[in-house]
Amino acid sequence: MPDPAASRILLEFDDVVKSFGGVVAVDHLSAHVRQGSVHGLIGPNGAGKTTMINLITGLFHPDSGTISFDGKHLEAMAPHQIAALGISRTYQNVRLFSGMTALEQVMTGCYLQRGVSLWASFLGTGNARRQWAKTRDHAMSLLKRVGMADRADELAETLSYGEQRRVEIARALGSDPKLLLLDEPTAGMNTQEASSVGRLVHELRDSGLTILLVEHNMGLVTEFCSSCTVINFGRLLAEGDPRTCIANPQVQEAYFGRQNDAERIQALR
Amino acid sequence: MDALLDFWAAYGSTVVFAMINAFFALSTYAVLSTGVLSFTTVVFAAVGGFLAAQTVGHLQISIHLSFLLAAIGGGLAAAVVAVAFLKLDSHWMALASLALVLITRVVSLNAPILTGGVNGLVVPLRVDPIEVAILLAVVTFAFYRLHNSWYGLASRAVREDPAVASTMGIPPRRIQFVAFVISGVVGGIGGAALAFTLQFLSPETYFIGIAFTMIASAVLGGSFHWFGPVVGAFVFTALPVMMQAFVPQIEDVAKGVALLLIMIFMPRGLIDPRAVRLRRAARLRHKQERAVNA
Amino acid sequence: MTLLNMLAHCVRPAGLAAVIAGVAFSAAPSRAEGLAPGEYQIGFVTENTGPLAAAGVSYYHGAQLAIDEINQSAWIGKGDTLKMVEKESGSDAARAVQAVSQFIADRNVIATSCCILSPVAGAVRPVAVNAKIPLVIYGATRPGLPQLPYVTSVVGLPGPQEVKMTKTIIEKLHPKTVAYFVNADNEAFQGRFKAAQKVMEDAGVKTAGVISILGSDTDFTAPATQAMGTNPDLIMVWTTQTPAGGIIAALRNRGYKGPISANDVIAPPPMFKKIGEPLVGVPFPVLFSAELSDTPEAKAFIEAYQKRFSALPDAYAAQGYTMVYYVAQGLKSLDGKPTRESLAEAMAKITEIDHNVYGGLPMKDGQAEFAKSLIGAWSKEGKVVRWDPK
Amino acid sequence: MHLFLEQFVNGWALGSLYALFGIGFGLVFSTLGILNAAHGTYASWAAIVGYYAVVWLNVPFPVAIAVGVLAGGVLAIVVDQIGFQPLRAKKAGLLGALITSIAFWIILDSLAGFATQQQSLAFPASTYPNRMVAVGPVMVPQMQIITILALIICAVGIYLLIQKTRIGAAMRAVGWNEVAAGLGGVNARVVILLTAFLAGATSGLAGVLGGIATSNVSFTLGEGLLLKGFAAVVVGGFDDVRGTAIAGICLGIIEVFVGQYVSTAMRDGVTYALLLLFLILRPRGLFGSTSFLRA
């Protein structure tokens, strides 16, 4: 396994500013994510983490600054173009499509990998049918990978919250991304479920994926991330090794006020 | 068999109008299934209808060819409309489409060369109901294929959550553009079918009445499944006939009340795949629970 | 709720279709229903709801009255009687076509009658022709609608009565300029306007202005100001009923003192009740008027109508009445068992409707021609009188 | 010049009716998120009720207006509670509410037809102020002055209500998010009822005044107001009463001037083309500031 710390930079924020009606959400932020890493993005509530994810995926466009991915500038691109470059994501509060089964959700995630034109798919040509079956099998294997294969034909909204998160991750994997953005994938999960997500993250990294993980659970961050970025009020607080970052007094202050209480950090595990 | 012939003689025309309304409902469904509420089907129907009537009248082309022209005309009109409208947010688009319907009537009143104006337009040919039925079957089959293709999957995603769909690489505006063109083609065909059935067109023919029929049909039948609009169109067309048979004095009121009850008790329409799946899931859970208990 | 539950469980399309078909079948006309021997049905497409319901109800009442009279007096003879069956169209072409199709399917219906609006009549006409059933049009005025032998019309076409009134007005008032109000979305009134305008211009009366309005318009203060702004010697109103009332009221309210002429839409008594004073002295051409028509048939009709409906009949009621007598006359002329085709042939041969309230009603090529028209106007007391400019 | 002034006043009065109606229509759209096709029938019914109050009970003019306005408001509440409340619970969205409102349109319209025996009625001339008043060089009918004043009073009143009072703040909050409003101590139900009533009453006022001024009390009354009022709302911007009022007046004046100086046949075409242009080029209207994306 190549050393992530030495690998090339896959995603880079350079002096990015984004404000909403006078409120600055991301304030001259520069940061980067290296290829093959599991990179943690942490900060208190309202720090601008989700805004960053939305900027990367093109749902928001920065007021100034540049965001580059694999050498390409993202800031003027539409979300679907960015997705086509190989960036995929999940959402803080699960956003699955109502009325679709788990398998259909993941199939939809495979849209970019469908291999045939819409027209051929409509006509149902032999090739289109073969590709469809192939994609379907692939979607099933993704569901298996997140441990949801036996629930494939169930309506996603009838699944439990944790199960929905897994389906959402499988859907995000459908486009065969290079960079996966996970926005608080363990929110609302118990410790057991959370660490199984952590294991999944490692498996994915081992298969060559770069992962940007927005996470509140410090335990998970220190356990699974190889590097991290800490932000508050849209500004960079610390960067680098997770343990070092958390020990940073500024970070401590942002999270806990003036107290330096290691036990409370422990309590967050 | 006799009963069937009797039925056809009495209600054949109702069935034909139901089929025509099914085209309009499907046309509305085409855009609705990508999350766009648009009344422009009326406009596409007018384009298709007047185009078909005029080409048959002046160029003496066959009825089949004129159906093709109506489909193309409707599709082209839809492409133009889509380019202008797809910049707008959903609510505004609904309103803009309504404005376009109103303008269509003013235009058809004031462009007698194209539409016959206030005097109306006599359509010399009549379409065979069987041909309408075949055409509807073909169009419905096309919607079935669409539903089960990548486009169908993408359109459902765009409808449920366009932002999420776009981050999965599905371009919402492009899917909606395609939806508009489909809507235009089907609306144009429906307009031509209406022209060749009524055989007399006036500016009133393609107006608010169609807009309400098609939206009500699509939503009543169920706008989450390709077969919903067809069912809705048949129910909505048959409703006045039934009401006339049972409560002739207050048939309009009864029609409104029926519509209201359906909306209150089945807001997602008569054909709702989600409800079916939810019921199936509930049944399954029930069975499992019983198995566990036993 | 049970029906809804039923529907709710029938989400399977086939099941739903079966339910619809079942309900529809149960509503289908049954051949088994017994009819008295020699009883013939007229399928009447009513317009008792919708935008034209005010006139539609009058047509319907007139026809009802004629049926009763004919049956009571055994007018057809041979023991034959008439029965009217109605279906509502709400002035919608598609619904009218369906209604006529259902009449056609019912073997007991020997003739049909329909339509105030020309687009609706235009759509119904081919249906009747294809099915070879007599269709008598009672309201729509588009020229060329009759198609012998099946489609005939008892409506006065725009032209003669407008011409007559316009000539009289020129003679009596000597206007030099005229402003016209006309319905932009109604071909019948466009026709009447054009007929009047031609007479005016042929007589050297200049057009001061033509103001188009739409049938659904309600506010006429601005159009009234516009018309008055052209300083005409006369204002002619060729519009449908509600706009006509509104225009005349607006003109008078804004202080227009000059002469106004209108058309028979202001003749029905509810119009005077509604608009009142401003209508006084406004001339209108009318083929039938409860107050002016004085033939014995007309008087009997008026009396019977008033007795039955507690209201004076208007020109629409007279047309509905005429329609039924026209069909009855066709039946009367036939020997033995009439069929739809033989009735159509018989009706096409009729050159004069015998029983009419107009003092003579010739039929030419299936189209009624009104030889005599009257010029009426409202008096201060709310009676229609012969128009007298002084 | 004289004609120009007269027509200007005519247009202003006509536009005031559109604006009055539009304020009610827009209120429901921006606060409750309902595109209400039945809104026109509130105006028809207000006029019909006002008419019968005059004809049967001989009530004086101001009372007739009040009765009509009340009828419009109550009808709006009834429709809201029967038709829209169940949908709100099920989150059926814009489309479900639209279809429901179409159902109500059909029902209320045909009932209005029965109530008027399918006739168009008119208030007897003696029951309302129907003289002309000299305002500077032009003669203006009293009803036009009343209509113009009614709009000014209603627009200012509702604007102040929405912008300056607690209940108005609650209405705006409901417009944004019903759940948030519920949490913030605002009783969403009360706000919904109040909004419905206010909307029905304003449109009802337009109905009564229009019915009197145009000698047309019938089921067709509301339809014309609906289309033009809708245009006023869109051009003015949905969430701003000032915009609706100004846009309504402008539309009335434009309509009259197009009829007078351009072509009466194209009159409505110009109105709707303007509407479309506004939608495409400036979808937020004259004053509207927010979009409808409630993320």
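Residue numbering begins at 1 within each chain, and the chains themselves are lettered A, B, C and D in the order written.
The rule is simple: a contact is a pair of C-beta atoms (placed from the backbone, for glycine too) under 8 Å apart; a residue touches a chain by one contact, two chains touch by 3 or more.
As the structure is a prediction and not an experimental result, all values here were calculated from the model.
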Where chain B and chain D overlap in contact partners, by chain label: C
Components of the interchain contact network lacking chain B: A | C, D
Farthest-lying chain, centroid of Cα atoms versus that of chain A: C
Comparison of A-B and B-C (more C-beta pairs in contact): B-C
Geometric centre distance via CA averages, chain C-chain B, whole Å: 34
Centre-of-Cα separation between chain D and chain A, whole angstrom: 49
Rounded Å distance between chain A and chain C, as computed from the means of their C-alpha atoms: 72
CA centroid of chain A to CA centroid of chain B, Å: 40
Multi-chain contact sites of chain D, meaning residues that touch two or more partners: 110, 265, 268
Contacts with 2+ other chains: residues of chain B: 109, 252
Two or more partner chains touched - positions in chain C: 49, 184
Those chain pairs that satisfy the touch definition: A-B, B-C, B-D, C-D
List of chain C residues in touch with chain D within their complex: 48-49, 51, 53-54, 56-57, 184, 210-214, 216-223, 225-226, 229, 241-242, 245-246, 249-250, 253-255, 270, 274-277
Sites on chain B touched by chain A in the complex: 142, 145-146, 149-151, 153-154, 156-157, 160-161, 163-172, 178, 224, 273-274, 277-278, 281
Touch list for chain D against partner chain C, complex: 3, 6-7, 10-11, 13-14, 17, 110, 113, 117-122, 124-125, 130, 132, 139, 141, 144, 210, 213-216, 218, 220-221, 223-224, 255-256, 259-260, 263-265, 267-268
Residues on chain C engaged by chain B in the complex (per definition of touch): 4, 7-8, 10-11, 13, 16-17, 20-21, 23-29, 31, 49, 86-88, 90, 92-95, 97-98, 101-102, 104-106, 118-119, 122-123, 125-127, 130, 142, 184-187, 190
Interfacial residue positions of chain D with respect to chain B in the complex: 35, 37, 82-83, 86-87, 90, 92, 94-96, 98-100, 102-107, 109-111, 227, 230-231, 234, 265-266, 268-269, 272-273, 275-276, 279-280, 283, 291-293
